[in-house]
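Labels run A, B, C, D and E following the written order; every chain starts at residue 1.
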Amino acid sequence: MAEAEIGILLLSAKVALAATGFSLIPAFAVAWLLARRRFFGKALLQAVVTLPLVLPPVVTGYGLLVLFGSRGPLGRLLEDLFGMSFAFRWTGAALAAGVMAFPLIVRPIRLSLEAVDRGLEEAASTLGAASPVVFLTVTLPLALPGLMAGAVLGFAKALGEFGATITFVSNIPGETQTLSLAIYALLQTPEGDAAALRLIGLSVLLAVGAVLVSEWVARRLSKGGGDDRA
Amino acid sequence: MTVLDVDISGRRGSFTVRAQFRAEPGVTALFGRSGAGKSTILKMMAGTARPDSGRIAAGSRVLFDSEARIDLPARKRGIGFVFQEDRLFPHLTVRHNLTYGRWAGGRRARRPLEEIVALLGLEAHVDRYPDTLSGGERQRVAIGRALLSEPEILLMDEPLSSLDRERRAEILPYLEAVAAEAHIPIIYVSHETDEVARLADRVVAIDEGRVRAIGTAAEILGDAGEDGGPVAILEGRVTGHDETYGTAIVALGGGTIELSERGLPAGARLRLRIRASDVALATTPHEGLSIRNQLPCVVQAVALEGPFARVMLSFGSERIISRITAKSADALALQPGKPVTALIKAVSVEPARLRPVVGE
Amino acid sequence: AERITIFAAASLKEVMDQVAADFEVDTGIETAVSLAASSVLARQIEAGAPADVYISADRAWMDWLSERGAIAEDTRRTVAGNALVIAGANPLPGGADPATILREGRFAMGDPSHVPAGRYAQAALEHFGLWEMAKDRAVFGENVRVALELARRGEVEVAIVYSSDLQTAEGLSLLYTFPPEGHPPITYQAAATAQAQPAARAFLDFLSSEAGQAIFRERGFTSPVSEAY
Amino acid sequence: MTVLDVDISGRRGSFTVRAQFRAEPGVTALFGRSGAGKSTILKMMAGTARPDSGRIAAGSRVLFDSEARIDLPARKRGIGFVFQEDRLFPHLTVRHNLTYGRWAGGRRARRPLEEIVALLGLEAHVDRYPDTLSGGERQRVAIGRALLSEPEILLMDEPLSSLDRERRAEILPYLEAVAAEAHIPIIYVSHETDEVARLADRVVAIDEGRVRAIGTAAEILGDAGEDGGPVAILEGRVTGHDETYGTAIVALGGGTIELSERGLPAGARLRLRIRASDVALATTPHEGLSIRNQLPCVVQAVALEGPFARVMLSFGSERIISRITAKSADALALQPGKPVTALIKAVSVEPARLRPVVGE
Amino acid sequence: MAEAEIGILLLSAKVALAATGFSLIPAFAVAWLLARRRFFGKALLQAVVTLPLVLPPVVTGYGLLVLFGSRGPLGRLLEDLFGMSFAFRWTGAALAAGVMAFPLIVRPIRLSLEAVDRGLEEAASTLGAASPVVFLTVTLPLALPGLMAGAVLGFAKALGEFGATITFVSNIPGETQTLSLAIYALLQTPEGDAAALRLIGLSVLLAVGAVLVSEWVARRLSKGGGDDRA
């Protein structure tokens, strides 16, 4: 494996991990709102969350470019406030991947949250647990399968994300060129096929690895139930 | 000393509840048929269901008041709730289920875990997950979880329904002790008149969501002994013992009764439970009988009930009920005012509940 | 070391690999090449992308950037041209003309609505009066690579592509080359962006140099037809 | 006539089961403490858990045979199973839950739905979904669902545990009738010795996964009456009635006993349940007593149990147990061989189970 | 709205519906295998199912071309057996969308199936129901929330699918040009922005509509529990 390929692999993993990692909490929050609250515009929120799935990725990419580019309103705001910049950086690739993965993470979590027995949460609160504690000790562990499923789908999607990423942060080797983008570049000419196949192989390995790890984790969790003792 | 004051009305679907009662420290039983609304009332007291209006107060603490717009969340009500369906946390071991009130609920530990585990016979199961427990084991964990949360009010919804008699006999005295020591109100739902008669200081009869009657176990269950027959409940005080035979002498309204029960402290107040079908009558005192308690009574009333006669007797200030066949009643020519001897076997008298000498 | 970022149309992949390597050897300036659709790159430059050089396969997007003042107008130049050809898996007896080749069966070409090669192909066919007859049998690929692959796999009989694309495609042979007068000139333009580093000009000059042009020709591109823009 | 033959051993986690018993048509009770393995055995019989080895046969139908590698799926075993946890289908109405065996299980209808709905008092709930039912209502639906699946074997795991006494009193006779009419084996798990004594033809005592004892209700429960005291169970035959007082005369081993129960057909075989604590003793027959049943007996043995004495009596071929205080036993100078009169109130004798005159 | 746009809209809806519709049953089967069976290579199957998410869509598109093209082994087989052809047809677009949506449909269904109380299935079988009947009357209704979630995610993805579709069946107006492809094409030319925005609006409307319908259906189902009586 060439050094460049290792670099691409590591970058992809970093981008996908960051995308999934940073999406999980907001996704859980949105899923919780959708599963548990009744409010005006709930269906609309669900629709908005689903949007990145429905639109061609290029559109989402352009949207991100307009909002989070170095000239975009949000991009400028974040730059000013936190010195955080997404434009044409790996962070931007992670943002794009995160946005695209978001609906895939939200749905399974919502599904799991809806399936959590409210009676158990009631029992927890009669035992004196405050809402955040009930959440951490009962709701969250019981929704874990959904969280896992969401994380796996999200991570896989983040690995494979292409359209929004290339549109938002371009295809800059070493900075934003993830596996998907590199494969795309190689596929532009027949000569690149061999190299592309190697990268595809890497992608597949990464995906299989992630799935195996997730299945293993899921099995451990379902066996143990987790040691959630505070 | 917390007195629980409940006065609520509310709905669950098409079912309406309207309940008003007081629960002093000690055991208050909610008694009523399946679907009468017992669980619904408990849930409203616990704060997991919301009454439409009314007020629930524990001493000076207002748990719910629709007018003052007070509605304490369940966790602040200081309750321990044994749900009818056990509601164990499937992702936690038995141990962590039991101690949940401590590590998650911030309830302070008073009773040691080991004591409850031993009481409930769960030693072998503390590190298992609930899904493989037997029905009775699950129920025991649920009881333990509520007890260990150090509640100020204990709500128990048929807590012993799937336990065998031996196990009940082990747990019941503990519950009695909890009620006596901790001086907290226990609201207890049960279909077992035995259990209710033994435990309850007060019985609230629920019917179609309303309170049909409130009274002592004697008053409410008087008509429903464990085989459906009437029961008399007398209050007495231990005055002495026969050490040789391990019997206790209990002074009642107008005389004494001998009780085959060891270890009753002298001076202890007792409630005696006498099934009407355990009371035989004689027109004269008899010798050569194994029946040692022969109480001189006066017939108050005789009511025929099919093949039976229910005979109300006064024994000093107390009331005793006897149930005999109509044929015997005729044979003995019973009628109001007639003095008779009530024969009660010492083994038939059940100390329904022992009260501490102090108190009251 | 100095480092410049080149935004180049994806179809220039091989050329850019070679050019970048040679340029670095020559000047010691490192390059990073971002390959994507010309449209995507143009919009990114307009949004402030840190690009120093833009190389477009499509004049229209260069014009679009120019209108917005996003490129250094004085550096704009045509760096290569291309020829339009018909490629197929089965070589035909010589002397075939487009009318014969395209008489039946599906053929692939770029999407004339947005892929430049498609636009040129439509123009060329119209030039021969074949467009109306053939357009319903056309398969519009999103890029040349797809069109080539379709022809190579026999999904279509032939594909209308650039001669440079045919260069490296195994199993396909040249069936016909359209005369350049039949379609608008095919040009690849390059320019430094408005905020480019000075080294961008060196890179552009390298593209126009003998060495640079040799690489283009080696890959099947033609010399830039001089053209006023 | 299906006789169920069970001989299995198996495991659930670290718990091992080894059970061998026969269940003839009628009610066989599985009796044992919480965690003894009763539910596990039922599940293995139903085919929802798999024994490691052994054989289960219903008449000539082999349900399971580890050697012959037969393992009928649950649906082919022809069982009706009332699970300890109700397992109602949450997505179906009560009606569709009740009739599931018919519309999904292809079981033919015999008992009318209305009859079961009325028996179980579910009229008001048939179109509701289970999630809002009360605990007892859910349990009743579960019973109805099993009854309506027209089983050839009925497995019931504490079916009446959360029902009130009145409801039990309505359902129990129906179960007795089902057992008698349909002539199918019913395996019944219960902690209520009353219920078991009343229903069961045979009791299988389970302890730590093994069969500790098999016998008639009298033999197994003899030592465990409903308040933990001993019980004697006698078989008798109705010989006459006293129409005036509505009592029946029942001939037992060596004499007759009077029973306050109307409507017993003459000739019917009865099982009588007499609690030891309901039997008083006298050294001579007495007059002027409301106790009408004075049976001449002979003391067989006297066993002291703390403050009590358990006196075994023979009455003709039958055995009666009396529990009196040790003090009384001494006062009466009881010893083996001494003839005494057993005093049993007519209202204390409970017809545990009425058997049809035909049969046997 | 121009007639062409209506055509595109209808085609998109048709493609997405067909993709989701035909994916549901195999997705359910795969989800069932993953949730209920233990077999060798189970994690591998999960990985393979997840693959279209991980790979750049172009790769999946090429893969489909190789397998299902008119010269591809599966393509030829299907053509011979059923006269079914995917190449450059809307059916091919549906196939591409279906393959891309597949992992998104499988996961939530698997999640729901894993959450179904096995005790209820046991109860059903003790009542005499044969396995397929248990499945239809108990398992399926109880897994319905997952099926719904999967269908919504799948439909959304199918609407938005772009990379694999354009690679597999190209962009043939009236046959394979879905909303996504049309939007993409418009965005490629500087003058296309206005028209693209209109189509994006259409996409959003379609997505919002689909989500609203799904929420409504879900609410009805959870209220009624469904009248599953045979």
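Operating definition for what follows: a contact is a pair of C-beta atoms (placed from the backbone, for glycine too) under 8 Å apart; a residue touches a chain by one contact, two chains touch by 3 or more.
Nothing here was measured: the structure is a model prediction, and the numbers come from that model.
**Student:** Return the chains shared as contacts by chain C and chain D, ordered by label.
**Tutor:** E
**Student:** Which chains lie in contact with each of chain C and chain E?
**Tutor:** A
**Student:** With one step meaning two chains touch, work out the least steps from chain A to chain B.
**Tutor:** Between chain A and chain B, the shortest chain-hopping route counts 1.
**Student:** Please report how many Å separate the Cα centroid of chain D from that of chain E, as a whole number.
**Tutor:** Here chain D and chain E have centroids separated by 57 Å.
**Student:** Between chain B and chain C, what distance separates the C-alpha centroids? Give it in angstrom.
**Tutor:** Chain B and chain C have C-alpha centres separated by 91 Å.
**Student:** Using mean CA coordinates as chain centres, what's the chain A-chain C distance in Å?
**Tutor:** 36
**Student:** At what distance in angstrom does the C-alpha mean of chain E lie from that of chain B?
**Tutor:** 60
**Student:** Could you pull out the residues of chain D that touch at least 2 other chains?
**Tutor:** 85
**Student:** Which positions in chain A touch two or more other chains at once?
**Tutor:** In chain A, residues 58, 62, 184, 187 touch at least two other chains, as defined above.
**Student:** According to the definition of touch, which chains form touching pairs?
**Tutor:** Contacting pairs: A-B, A-C, A-E, B-D, C-E, D-E.
**Student:** Quick check: in the complex, which residue numbers of chain C touch chain E?
**Tutor:** 37, 39, 42, 60-61, 63-64, 106, 108, 111, 113-115, 139-142, 146, 149-150, 153-155
**Student:** Considering the complex alone, what residue numbers of chain C touch chain A?
**Tutor:** My answer: residues 5, 7, 10-11, 13-14, 32-36, 40-41, 43-44, 47-51, 143, 145, 148, 165, 168-170.
**Student:** Which residues, counting only chain E, touch chain A once they are in their complex?
**Tutor:** 42-44, 46-47, 50-59, 62, 103-104, 107-108, 110-112, 114-115, 145-146, 149, 152-153, 156-157, 159-160, 162-163, 179-181, 183-184, 187, 196, 200, 203-204, 206-208, 210-212, 215
**Student:** Residues of chain B touching chain A in their complex?
**Tutor:** 46-48, 73-75, 77-81, 83, 85, 87, 89-93, 96, 100-101, 103-107, 129, 145-146, 149
**Student:** List the residues on chain D that touch chain B in their complex, please.
**Tutor:** My answer: residues 12-13, 32-35, 39-40, 84-85, 121, 128, 132, 134-137, 139-140, 157-158, 161-167, 169, 191, 193-194, 224, 226-229, 242, 244-247, 258, 260-262, 277-278, 280-284, 286, 288-292, 306-308, 322-332, 343, 345-348, 350.
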